[in-house]
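One chain, chain A, appears in both complexes that follow, with chain B as partner in the first and chain C in the second.
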Partner chain A sequence: MAPVPRTDVLLAVFGGPHRTDLVSTTFRLAHALLDRGATLQVWTCGDATGLTRRSLGDSKPRNVVDWTRDHPSTAAVARGLIADHPGRLHWYVCRFCSDERGMGDQIPEVRRRPPFTFHEHTQAAGKALTLGVC
Partner chain B sequence: MTELLLVQSDDPAHSPGGERFVEDALHLAAAGHHTSLFLVDNAVFAALPGALPRVDEFLGAGGHVLVDAFSAQQRSLTPDDLLARARTVEMDDLAARLLDPQTKVVWH
Partner chain C sequence: MTTPQNPALVLVDRAYRGSVETQFADVLYIIRELNRQTGGLHLALRGHAVTYAVAAPEYEPSVHLGSRTLDTLPDPRRSVRTMLDEGATVWVEEADLQRIGPKAASRLLPGTRTAAPGELALRWFSYSQVWFM
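Moving on to the complex of A and B:
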């Protein structure tokens, strides 16, 4: 198994992603960090593992009040971020949580990891933040 | 000087843990630490005047209150609606602080 790359920051996304602004805040913070040249890991657990499941496709369902606009899915946003920052953004998905929720089929840009490896990711990060648990 | 950065994401007025988190910030500031409280998502409501007395106490103790501009705009809050000593900042401000080796950060 490939070693965990050293990064400036780890964002551990543990909360229910659509209960609050967690998704947009995570993406905004990731954007801001990457814009500053940082290296970053994102680790999703629980329901947040669904953010990058393959079945989401590239777009959200059409918005009835904005019929012609394409709204990218969270999977597409994550894929774009990873592609735009090669070698600087690493996205990991908890294997147990995604399997438990039937969301093991993930986009190829992310890596699924067993939960007991989480400590390796915290050790590989300069700073680690846990988002979504209050 | 080390900055202690506490990021609050839930409205502390409606979550006991959130209010205790602000209390932690207050204690740190009162103890003389350079302490900042970054309010994001629903926590921006804590920067409304009178919303949470602990925030006023925190400012009185020398703490700094930072309000995420996007979260405030999403809730139709303008800087004029917020505590005069609260500073509205972009997410880039948080990123810069996070990447500063002198900053220790906790997210709640």
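Moving on to the complex of A and C:
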């Protein structure tokens, strides 16, 4: 198992999507940190593990009143952010939470980790911020 | 559009339930379609959802994420305007409107109506259905 890389910040996303603007805040915060040159880990737990599940594909289902417009999935957005910052953004997904919710099949750009390694990730980050609760 | 004699009432009071993950598919997306299928419904905005009917300076609901500009975020004010154009009746709870600022009432989108506390509940019997969404 590869060691957890040392990063400036860990964003632990415990809150779920489609409830508040927490997921948007997560992406914006990640972008802002990376834009300033920081290194970053994102760790998702609970329903947030679904943000990067493979079955989302690249796009959301079509909008029936705007049929030709592409609406990227959160998996595509996360994949793009990771690709834009090679070696500086590491995205981890809680294995237990994703298995429990049937979302274990994840995009290859993220790594699933056993839940009890979370402490190791907090120790590898200069600062840890949690967003929401499971 | 001919408004049905006993339209449905749809109440929304929980606003802003996601942007990057939601995009076009916010709560108003399905309500707009219900408006079309029912021939005209009444939408009541309460809580923070009253801001959907308050005009704001022009802005583009988009966000930069890495090299991507995501410009398909929800735009509830635009959706409310569209629903008004398509014949929906939009109510805004006065008390919740006052809570967001003394000038908010003067910035309501044209065509919206305000409801006093309890006013809509007293009218429930006149609606064919009442939905909380």
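Definition applied: the second predicted complex is superposed on the first by the 133 of 134 C-alpha atoms of A that agree within 3 Å, B and C clash if a C-alpha of one lies under 4 Å from a C-alpha of the other, contacts with A are read in each partner's own complex, and residues count from 1 in each chain.
Quick note on the criterion: a residue touches a chain if its C-beta (ideal position, glycine included) is under 8 Å from a C-beta of that chain, and two chains touch if they have at least 3 such contacts.
Being a predicted model, the structure only gives us computed values, none of them experimental.
K.L.:
Superposed on chain A, are chain B and chain C clashing or fitting side by side?
P.N.:
Chain B/chain C on chain A - fit side by side.
K.L.:
Would you sort A:Asp105 into first (chain B), second (chain C), both or neither based on which partner it touches?
P.N.:
After superposing on A, A:Asp105 lies clear of both chain B and chain C.
K.L.:
Hey, in the superposed model, what angle do you get at chain A between chain B and chain C, Cα centres, nearest 10 degrees?
P.N.:
In the superposed arrangement it comes to 60 degrees.
K.L.:
Would you check which partner chain A:Asp21 touches, where first means chain B only, second means chain C only, and both and neither mean what they say?
P.N.:
Both: A:Asp21 reaches chain B and chain C.
K.L.:
According to the stated criteria, A:Arg36 is in contact with first (chain B), second (chain C), both, or neither; which is it?
P.N.:
A:Arg36 contacts chain B only, not chain C.
K.L.:
So, does A:Pro72 touch the first partner chain B, the second partner chain C, both, or neither?
P.N.:
second
K.L.:
Touch test for A:Val9: chain B only (first), chain C only (second), both, or neither?
P.N.:
first
K.L.:
On chain A, which partner touches more residues: chain B or chain C?
P.N.:
C
K.L.:
Looking at A:His85, would you say it contacts chain B, chain C, both, or neither? Reply first, second, both or neither.
P.N.:
A:His85 contacts chain C only, not chain B.
K.L.:
Just to confirm the geometry: in the superposition, how small does the C-alpha gap between chain B and chain C get, in angstrom?
P.N.:
5
K.L.:
Need the overlap of the two footprints on chain A, from chain B and from chain C, as residue ranges.
P.N.:
20-22, 28, 31
K.L.:
What does chain B use to touch chain A in their complex?
P.N.:
That would be residues 7, 9-10, 15, 17-18, 40-42, 70-71, 74, 90-92, 94-96, 98-99, 105-108 of chain B.
K.L.:
Which of the residues in chain A come into contact with chain C in the complex?
P.N.:
Residues of chain A touching chain C: 17-24, 27-28, 30-31, 34, 51, 60-61, 63-66, 69-72, 74, 77, 80-81, 83-85.
K.L.:
Going by the contact rule set out above, which residues of chain A touch chain B in the complex?
P.N.:
Touch list, chain A to chain B: 8-9, 20-22, 25, 28-29, 31-33, 35-36, 38, 127, 129-132, 134.
K.L.:
Would you pull the chain C residues touching chain A in the complex into a rising list?
P.N.:
Touch residues, chain C against chain A: 16-25, 29, 32-33, 63-68, 70, 72-73.
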